[in-house]
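See the structures that follow.
What follows is chain A paired twice: with chain B in the first complex and chain C in the second.
Now for the complex of A and B:
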């Protein structure tokens, strides 16, 4: 009998007390959906001053929120190196009790950890990064290798920040990107996350998955990261930032990014448009393409390093011309279109390669990775000086396109 | 029968216990350690280490087979004379208790890092030790059944998780192969052998095996299965994270599962699953070690009941598990601790017993 009672007491206690330890109610947490990181600079006198301790709300709240007595310019002391922007979805907006979809906090600090801890002096919630989706890094931080590496480590070291978050670099300030309230979905964090996860996403920006970027950076310190541009009422993720030795060295445009993604073998499906000229007519032909494969070959006979890059794509004609003279069931026409697509792609790729070799002198094409895997002997010789060797290697590109489908009409 | 309150375990149960003892804390760091030792040729090191492990475990099996139904201490007394047997037994106890201590420490640390960041580690240590105590008190037979029950669902879940993680894998990350000089690979073999530590529990539990004749099978089968598991694990981690990144993560295996994006995203963090599975495997590493230590202590003291003797190592385990300051110290000291003890327990002592057995047998043959 006594044993039974003890057993029951233990059972009740174990069931009843489960999870009470350190429990935090859901509304007590500030779920940071996206985080922006900028280099802190003293605002030039005359502009609206952002204050260190007062609450800083999103764009249109700014003036009301500024408490004049608390307003002071944060000093440019070594402590204030970064400016962090936290976007927290407003739970009250979801249930219709508030006008503001986002709670945007801005704080200045020496590092992510202490800034986030100090944030709790003016936020009644616990800052929680476990559900963070997007990290936007400002150009100034990315241009400073030291600061950039600090941030990368803080993000990678944290056990609660997933490796699947998306990362983008903003020309200018990351804060400006995160303060936009997009028309489609004013919850900025969610909008950006969806932008990155869109299945139909164009190849005009890289994947931007944190884990992949970290993998590239760990390798030889070079990577490409998507670019996020702030508009009036939308945010655009297109183009990419080129990172060399953990430092932003320049930007690639949208077309260049597509070429780069194809070369790296990570391009998502997406098309391009060619102009088809016959004797008497000129047609604009958009072609939808699936990028099937990307392969490098080292020409072993050559004395210098010669890389031959082969790509194959599959396509579908999306538009031709109403009642055309030659129809698309003529194999000859298809061959011509294929040749045009190949030519255009090859030209874009060569321009991009040229830019990377001559202007940035950085190998983000993945040739280093290819050599280290398939030609480890050669790689051991060139690894040390790859930065100098890469601009001078020969790269040939060879695209083969197969247009498989033409749609419903001839 | 040696102990009145405990019966027998079958050969398959013994195999399961060995497998579960081997797989434990090491798996989380294994891909990184292999890279540090031999680059992308780590798999070669693993295979060589596994082969050496199989050879060593054959001597263990031979010893158990030669002394059916005898406990480890009895075997020691018979082969190495009584005074030496005491010293060796105490040394072995230090090994088992020390290992349990380190397993518990790493367990508490990793739990704190990934699952319970605000719970005091002491609480985690105490609670897991009490659960371990509960199982150890019941003795070897219950452990054998537990191992048998747990191993099938565990395998299924682990395999499923790995297969999901292959979605992000890039197989060419496993390249290049055969680039590490042969000498380096040979140098790394002791490390690989250490990642198979745990099969030595056969020495202690061998006396309970119901068919000692077959005990030479236990080690090779168990090590072969663990080797397969390690190879899959190492390849998955490398392919998903890439060599350079794997080398930078303290626990790369967990990082592998962090890259999984579940369709529909009804689960935010798949890591939590792998941590759940891992807790069970660590528990099943802890318990056999704890039980082995307990058994030896009990025999030295001449006791008969696990109930009380299982409590005896707890203060030492707890002390050891809170001894080191930082994670860096833990891994450093675990390395030197196993250098000083594991070689002795796993290789030297069995070798001593083996040689003495063979010599005695020769004498007997001559006399006959």
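Now for the complex of A and C:
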């Protein structure tokens, strides 16, 4: 009995004296929904750096903004390497008490961790990355392999940042993307996360899931990351940045990105428009491709490395032409359309492959992955010099399409 | 039990009374009895003469406990009037008068003899009447119990939609009869005990002789005999005196107002303890699983019953953890909830001046006050006050900015979920545990909740009820895996061909004589041919 009482007293004291040391109330946290990372540049003399875009939550914060902060000191201190943009949703806006959906903080620092800590001198909340949705990296950072790798590691190492966040690279400044308040959903982070989720409808951007990108980079240092472009009142996530050896080497356009995604087999092809020419007329025919299988084959008879990429897709015709003459159920017409789709897809893919092989000389197609998995013998030989070998291998593309549905008729 | 011995051990020597044997003289006996019943003005002494010129006799009973009509018609009338009218006269049977009276005169159903005066006094106080005859050292005790009692009514705490609606009453004899009505088997045994040095409360132990777990039965008898206390008013007191771990929050004895529940338990080899003066019957051994069952589970269709049981287990989880989870997630782990919800929570909690744990405590204490108060409120306005209190206070608290709106939902769900637990004594234990978990969550977040749940589980695993592990059959199959047939699921009655964990192994089959036999219809047809 006495032992029990002593045990209880010790337990109570431990709990009471520990006193909730990790407890931060839910309204005391600043939820960073999206984070932008740019390279710090010395502002040209005479130009005032615009520090905060959104007005502060409280009046006293505005007063504090008058205090010169790190971002305002226009000197090129070695500490100032990055410029971070934090977008924190304004909870006042959610309950309709404020006009501004986001509070955008911009701060300069040597690394993400210390910059976030320094930010707490300007923010009456705790910076919290647990609900981060989007990471936008500025082009300058991505072009600098050293800085890019620092950032990637910081993101990967943080226990609160999810592997499922989306990552994008902004041509120009990441900050410009994050400062946009999209009309549909002014909360930039949520809006962008939703954009990434729309990939199934139109695969014009890369996957952009942080975990996948990190996985690709861990393997051979090559990856594609979606591109985020700032508009006036919206943000577009389309096209992609090609990363080679942990640095940005160039951009792929929207169509090229789609072709790349089809080759990688990571997305459904989505909509595709072909132009059908009959004897007397021309019709625009959009086709929705809903199924994709992509396979690589190594031609083992050949002396050089020859890869045959086979694709098969299923789809349905979305529009033809209002004309009693035509009957989409005619096999002949369907075969013609299928051939057109195949031709168009093949052309797009070959252009993309050409660009990757000749211009960027980087294998983000997944051929390295395929070889290492299915032909480990060959891969062992070429692994060391794959960067040099890849531009010279032959890649054939073979697409087969089946149009299975033509929509409603008559 | 050692604790109780310590507490009441000394009293024994003082209150022990010597047995006084009755003497042959009625005057002497009366004097002794009157001395016992000094200043007891509800004791009635009726002195009279038996037959024509017969000897003196007296009937003693307690007014209100004995049936007056019975006394008049079947005891006093035969002894006083009829004895004069018929042969043989007093003089002829003078020598074996007592035997004659017992055998031929008293026309009541049940008579007996008291060995000592103390015994007779206890009987008188139980509602029997004592007949003293001059010249005999025997006291005839006639069963004349007949007091006003509440009729059989529907048990309020365990109401069912479908199933029998009779409940136990305060008179033990009616209760045993209700159980007996459901078990027409001579193997249903009933043993009487008297507990309480002063109250002399009748306690009956019921069991089915061949099915019962003998060890449990022995343990029950032992613990009942060990009880040393002056009075027992309700079975709740008895429960506390005989349970294994009185420090535990969890009830280790099941109580019920339903005769069908008792009968079913007896059929499964458990022991029922009926206490006089209370409609609540104790059933041992009790496991956690049994407290989560309702009688209706067996009367409704099995699939529905199974789903409802799963729902109940879900409810007990909510009832224990919901406020703690709210505190843990909002204060420590907001990354665990969807972003939109987290932002909405942050927005609604923005004006709340308290940390989440204080917020939770305010609402929890409010709801506990409401619960406690609503028990005492008159029935007609009780429900109104409940609604007014719950809704209005909740709404007002949110508007006043003391608590967030989600907290009100959490507290309401928790309160409702705790009522979904079938046994009230488990439900009130859950109420207490909830607060422990709340503090644990406030100190350590979800980690604290996990720790607290671990502590509870460790305790539950070590707990036993009359030798039966409290968490069986989940932690151990007492006999085989068929024990699981009546737990979170309730298999169809067709498949429930074995008794539950309480029955001894050789009595496990529910059809004892032919449990090995195959009940295949085709076989039977073949045999007939």
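Just so it is clear, the second predicted complex is superposed on the first by the 354 of 410 C-alpha atoms of A that agree within 3 Å, B and C clash if a C-alpha of one lies under 4 Å from a C-alpha of the other, contacts with A are read in each partner's own complex, and residues count from 1 in each chain.
In the analysis below, a residue touches a chain if its C-beta (ideal position, glycine included) is under 8 Å from a C-beta of that chain, and two chains touch if they have at least 3 such contacts.
Everything numeric here is computed off the predicted structure, so don't read it as measured data.
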{"item": "Contacts of A:164 with chain B and chain C, given as first, second, both or neither", "value": "first"}
{"item": "Chain B versus chain C as contact partner of A:300, first or second or both or neither", "value": "neither"}
{"item": "Partner chain(s) touched by A:131 [first = chain B, second = chain C, both, neither]", "value": "both"}
{"item": "Superposed model, chain A: greater residue contact from chain B or chain C", "value": "C"}
{"item": "Partner chain in contact with A:94 - chain B first, chain C second, else both or neither", "value": "second"}
{"item": "Partner chain(s) touched by A:373 [first = chain B, second = chain C, both, neither]", "value": "first"}
{"item": "Touching partner for A:214 - first (chain B), second (chain C), both, neither", "value": "first"}
{"item": "First, second, both or neither for A:384, with chain B first and chain C second", "value": "neither"}
{"item": "A:27 touches, of chain B and chain C: first, second, both or neither?", "value": "second"}
{"item": "Touching partner for A:190 - first (chain B), second (chain C), both, neither", "value": "second"}
{"item": "Overlap of chain C and chain B interfaces on chain A (superposed complexes)", "value": "22, 130-131, 162"}
{"item": "Residues of chain C that touch chain A when the two form their complex", "value": "330-335, 339-340, 342-350, 352, 355-357, 439-440, 442-445"}
{"item": "Chain C partner contacts - residues on chain A that touch it in the complex", "value": "15-16, 18-20, 22-27, 29, 31, 33, 89, 91-92, 94-95, 128, 130-131, 133, 160, 162, 190"}
{"item": "Footprint of chain B on chain A - complex, ascending", "value": "21-22, 130-131, 156, 159, 162-164, 211, 214-215, 218-219, 372-374, 376"}
{"item": "Chain B to chain A touching residues, read off their complex", "value": "113-114, 116-119, 168, 172-173, 175-176, 179, 241-242, 244-245, 247-248, 255, 258-259, 261, 268-269"}
